[in-house]
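Both complexes below contain subunit A, partnered by subunit B and then by subunit C.
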Partner chain A sequence: MAKSATLAVKDGKIRSSINALLADLLSKQVVEAVLVPLAHPAGNNVVQSLVTNPDYLEQADVFAPVMPVNAGRIIQAMTRLTPANKKTAVVMRPCELRALVELVKLRQAQLDNLYLIGIDCPGAYSVSDYPKYAAEKTSDDFVKAAWNGKDDPMLRAGCQVCEYPVPLMTDLTIGSVGQDLKKQLLLLASTEKGEELLEGLGLTAEEDSQAAAQRHTAVDQLLNKIKETREKFFEQTREEIGGADKLATVFGPCIKCQNCRVACPVCYCRECFFVSPTFELEAEKYLGAAEKRGAMRMPTDTLLFHLTRMTHMAASCIGCGACEEACPNAIPLLKIFQLTGTNVQKLFDYIPGRSLEDELPPTAFKEDELEWIGEK
Partner chain B sequence: MEKRVGVYICHCGSNIAGYLDVEKLTEYAQSLDSVVVARHYAFMCSDPGQDMIKDDIRELDLNRVLVCSCSPTLHLRTFREACQAAGLNPHLCEMATIREICSWVHSHDEQAATEKAMALVAAGVRRVLYRDPLETRFAPVNPNTLVVGGGIAGIQTALEIADSEHKVFLVEKEPSIGGRMAQLGKTFPYLEPAMDILAPRMKQMVASEYVELMTYSEVTELSGYIGNFKAIINKKARNVDAAKCDSCGACWEKCPVEVDSEFDHGLSKRKAIYRPFPEAVPNIPVIDHEHCNHFLSGDCTICQEACPVKAIDYEQEDEEIEVEAGAVIVATGYDTLDPTPITQYGYGKFDNVITSPEFERMASASGPTGGNIVLKDSSTPKSVAIIHCVGSRDENYRQYCSRVCCMYSLKYARFLKETLDADVYQMYIDMRCFGKGHEEFYKEASDAGVNFVRGKVAQVTDITQEDEEKGKLIVVGEDTLLGTLIRIPVDMIILSVAMQPRAETDKISRVFLLGCSADGFFLERHPKLDPVGTMLDGVFAVGCCQGPKDISDTVAQATGAAARAIELISKGRVEMEAATASVDEEVCSACGFCEAICAYNAIEVDPKKRLAVVNEALCKGCGACTVNCPSKALQLKNFGPKQLMDVIDEATKEYAGLAS
Partner chain C sequence: MAEGNNGFEPKIIGFLCNWCTASAADLAGTTRAQYPPNLHPVRVMCSGTVDPVYLIKSLLSGADAVMVGGCHPGDCHYVSGNYKARRRMAMLQNIFESLGLDANRIWTRWISASEGPEFAAAVREITEETRKQGPNPLSTDWAL
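Now for the complex of A and B:
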């Protein structure tokens, strides 16, 4: 069903070709605003920006390997109270799109008037690693190298084991997998909104193009390769953190700063239970508990905090790794959450961020699920 | 205000005192903070026990009471009422269960049981200290009743309520009321024709000014709560103007389309415009859109032309009607099992193997054969075998006993003996004739020369072994009393098929929020003490939708349900749950988890305010939302997280490890 068009890569420059396309969206008034990462003039960072003047889009850099904030969070901030009142194109990575889908299902974001443009994502570095890379290379170098199949040990842990480096739900995909990047990119419309964008840009879309077929094959190969990588990763992670003792050890460095919760794009409570008055206790409670136990770890409830967050988030964890990035003490949160999350999601036959139709496991009632529990 | 707690420890005879040290427990309770008095007594629930609490409230100025005894489901109400009688808000009284989860299960170890009881009492004191007085709220009761299903159960309920001069809406999905009973021949054990008893009651339904009949209609949605339900009813288009039609029959006589009659189980034909049976109430035909030429191709108007009073209206459309009622009575009846899959009995393969519902139609004086029992070739059977428990008491089909088959099978036998003097064989497993006059009925059949063969029939076949079997159906099986294999050649075989839940049970249970027991019938609230109530207050289930039963039992149950509805109406108000959930508006993220999980539809997210809103009238205080809310924005009154944490801390204080 998907219609596609090609975007010529002018003079072999991927970034500027995409930027010209985005600028066209504004100047041809297909949309009135674009949310896209713009390169910071200092060159040491790239930040999501809401652009209405097409001139700024020269600085856009969608493949720059850094993701300071999961853009799902940005859309949440923007549309939680009211939907966008102007047509807005948002250029996002697959994990950002998936976070957004979860947020929409959690009624924390609204898609009205948004045009979701997803990219095939080669991954990102930590914010602290990015300047080193940016000083020497460009995002064009990065994307070309990535799809050539080279492993990049500098990538964030989450990106190294990312399950879905291609968009699951989007209106338009800027396809780079399986394309001759010196010549062209693929613009793949998967919804009417996507087709509307192509039409507005004056691009002729065709059904079942050869470029689309090439991407399809390449994506299949990519996903198969990832499957193997992930299996190894899970095996290793189980060894590292399996069992209550190891879990206690791995969370040992936690100072309960709750940065992970703040960075997580899906953790959506307006007020976290762990900052609520329930956890504001009188001194006698602390001293009383210490007396009973002989010694009590302070701050309290670090493990309880993570386990609670895990219960709330496991089904919706999209593996973006924002939590791990945010941790000041290098707790391998992504590993823990991906291991748990993937298993929980399998249990409920749920893929977070795949579609708005899939019901969130905590709200879906199925009479005949988990029947094996209690059988033994 | 200073909190003054009284702790009352019950011996429950020796149920508690026999297994733990109540003296020591009382001493311990007395030592706890805020406890003014701790006492123990043989039976706290007795009058002297309750008086002890009441006197202390008055004399010692208690403002919190903890009773340590059985489970709160048994006696919380008792003790709360006692406290209320002494002027204390009932919600300031709590119970600690030291019987079910303590003395009974630790009967082998007095010391451990006593220690656990101490923890439970200490936690209980904490719990009661945190209790806030709640106000008991009442809601008014709408005096109308909605009865769903127009069989004998629904008719009986409706007429009883109408007799008390209260309005009843009766909704029936078929074109006429009467249900399964209207299809029966005679009734056991007194052999009155079913229609003779039923028809006057059906007429009363029309005559009563308190009954509003809605036939050819279905309830599609039920909302609200006990005393205040709102139902949406889809009234299908009859395409016949009831005000004009005088049931002259000109339309169905002229209609060119013939269809198998559902009412006669295909033993006769009906037209595309039809009334299901001559005694139908209302006696107004309906047009069956699936078969009517007008609705299929648009060019036939024969019935419209034939109608002398111009009552046919092809333009009529389905209507949606909203009805308000205080109580809802579900009487949606049963289906009978289709024996085709039980291939060894040959139903569908042999012409003269028929089911019990088909036999009932033949035996009915107004039925398709005028009350004559005939074989497929219209001749009269000289020998008949009746196979019991077809699909009933059979693990492959229905495990339960359908409770009526033995009796109607005897009824058939007597009918066949009396009208045809046929040889009749009852192929039974056990004869279950437990009702009033039933055993006598059995004896009479036996005396009349009916043959009783005990054993499960293995097969029905037309493959003959001897000359006398030629042209007959042969019942092959084992006579378990004689221990011999038997072959009985007969002309006709009647399968006494199981009663089973309606095919639409799932749909009905979703609309009325009814549970089903393992057999698939609607679940009663309590099998002994509340056989007509359901888990949803104000909704009752009666008749065969709750389980197989005969007409007498159905009528008894229907009368009971009517009494329950009238009780509700005459009281005029219902007590609402006081410990309802509430939303912390500062914290709520409006994610809708609570809305999705609430089994009572008591929570809705207001998209404008971006808040979950609890309808206190619907909330049962079950707490599902409070545990599902990730922010704990929803809290149950008197069960807030702090209140619970403190209780858990207290209960586990001896065992706290380095958990965090």
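Now for the complex of A and C:
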């Protein structure tokens, strides 16, 4: 097992204990910058921010139940052209880390000089729902309630059926699952970089600690419970959307704004086919196509857009639900993409965001596989 | 042209690899092999160039079935294009199955340049199967 240390929860306050730890990273010059969600001064949002002055980390709130942007996208914006030139710790949710791993494999982001700190994630609310929660409760209340096994119907669609609420690939995990949150959090180093962080903070790391074993057991239980939830969810989804008629109903409200594509952290093409001149046609083409069937929905190609996007990124879909959050007309995109994505991933025994070594299914092949394709 | 199944004549769009299946189609022609005229061939340089978007677009705009024809696995003119095509076809079919759409309207055939009779047989098979399935519901819905 990996090395771990514990972080004492001072006066029972989780948020400020984590913030003190992050501030230490900067003041002890273990890293030169931290990417972390800071509470927006207006109180209505918590936004990923790049911090170099430790004073600002008082505003950090890593468990605040809101995820306005998948931070994989933010690291992509930061490191696509050049890798980080300063040691930077990034505090991210498991789905954000998984998106980042996919983006690295797609050559859209670079990990050099980044220290990946993942949290056990109790989920988040929609940006529009967050202020209601924040007016009454704190992120400490939220994380405590979440691991007590309470189902929360207000969670974002993606979070309700999240497959991996614990990080799959990090340098350091801030573990809260299976911990006595009044007393302590677990700091689990899974790489040398992670150990470097613990060392820099002056924390003694031990192998096979009891707290790590407790988390391990609790995580297994959590993931098993999730498996059952997801089975039911897939069954229900197949009922709801299966077949051409139901699919047409589901996409009825689509205005082809393509917000889902823009918000998706793994839909990475710089120039999307669907905004290319391929779809800039002369009037006669539209009129001719309409004449063939008597009527044609405008703007055209709504279902083509969604199906094509699925074939392009289903293998890398991490189920964060950013697509559904971005949809102005509440199309259940997360459901649809999780159903198709998970099945495609099963086909190739691929878990997006698990490791940098697993090859992206659409770019790789084996000679002896899929023999039933092309069979007479 | 109308015959059988209330006069339904399936329309099939085939994306055929230049080096194998398209040559096989030529051979079928020059050897006067008989096959139905329902396949509309599109010659591509490699089955690996066929993005699923072309197949979906075909199925949404009038095709009753689509076919990708490439070299036999291991024989790709560009070394590995057809292996990638195979993954894409598997993915596309898998997605159609997940969504309850007709995955059996999506065909793949590996036919080498010397297999003219096999090409004719494939076109016969796909045409007959599609005729049995009837018109593709996606191709006539104005609201999709």
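We take it that the second predicted complex is superposed on the first by the 372 of 376 C-alpha atoms of A that agree within 3 Å, B and C clash if a C-alpha of one lies under 4 Å from a C-alpha of the other, contacts with A are read in each partner's own complex, and residues count from 1 in each chain.
By our rule, a residue touches a chain if its C-beta (ideal position, glycine included) is under 8 Å from a C-beta of that chain, and two chains touch if they have at least 3 such contacts.
For clarity, every value in this text was computed on a predicted model and none was experimentally measured.
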Fit or clash - subunit C, subunit B, common subunit A: clash
First (subunit B), second (subunit C), both or neither touched by A:Val344: second
Which superposed partner A:Ala8 touches (first subunit B, second subunit C, both, neither): neither
Which superposed partner A:Ala289 touches (first subunit B, second subunit C, both, neither): both
Contacts of A:Leu356 with subunit B and subunit C, given as first, second, both or neither: neither
Superposed model, subunit A: greater residue contact from subunit B or subunit C: C
Partner chain(s) touched by A:Leu81 [first = subunit B, second = subunit C, both, neither]: first
Which of subunit B and subunit C A:Cys269 touches, first, second, both or neither: first
Partner chain in contact with A:Gly374 - subunit B first, subunit C second, else both or neither: second
Subunit B versus subunit C as contact partner of A:Met310, first or second or both or neither: second
Touching partner for A:Ile241 - first (subunit B), second (subunit C), both, neither: second
Intersection of the subunit A residues that touch subunit B with those that touch subunit C: 273, 289, 292-293, 295-297, 301-304, 312, 362-365
Of all residues in subunit A, those that touch subunit C in their complex: 238, 241-248, 251-252, 273, 289, 292-297, 301-304, 307-308, 310-312, 314-315, 336, 339-340, 343-344, 347-348, 361-367, 369-370, 373-374, 376
Touching residues on subunit C, where the partner in the complex is subunit A: 51-53, 56-57, 60-62, 70, 73-74, 80, 83-84, 86-95, 97-101, 108-110, 122, 125, 137-138, 140-144
Subunit B partner contacts - residues on subunit A that touch it in the complex: 80-81, 106-108, 268-273, 276-278, 289, 292-293, 295-297, 300-304, 312, 362-365
Parts of subunit B lying in touch with subunit A, wherever the complex brings them together: 586-593, 596-597, 605, 610, 628, 630-633, 641-642, 645, 653, 656-660
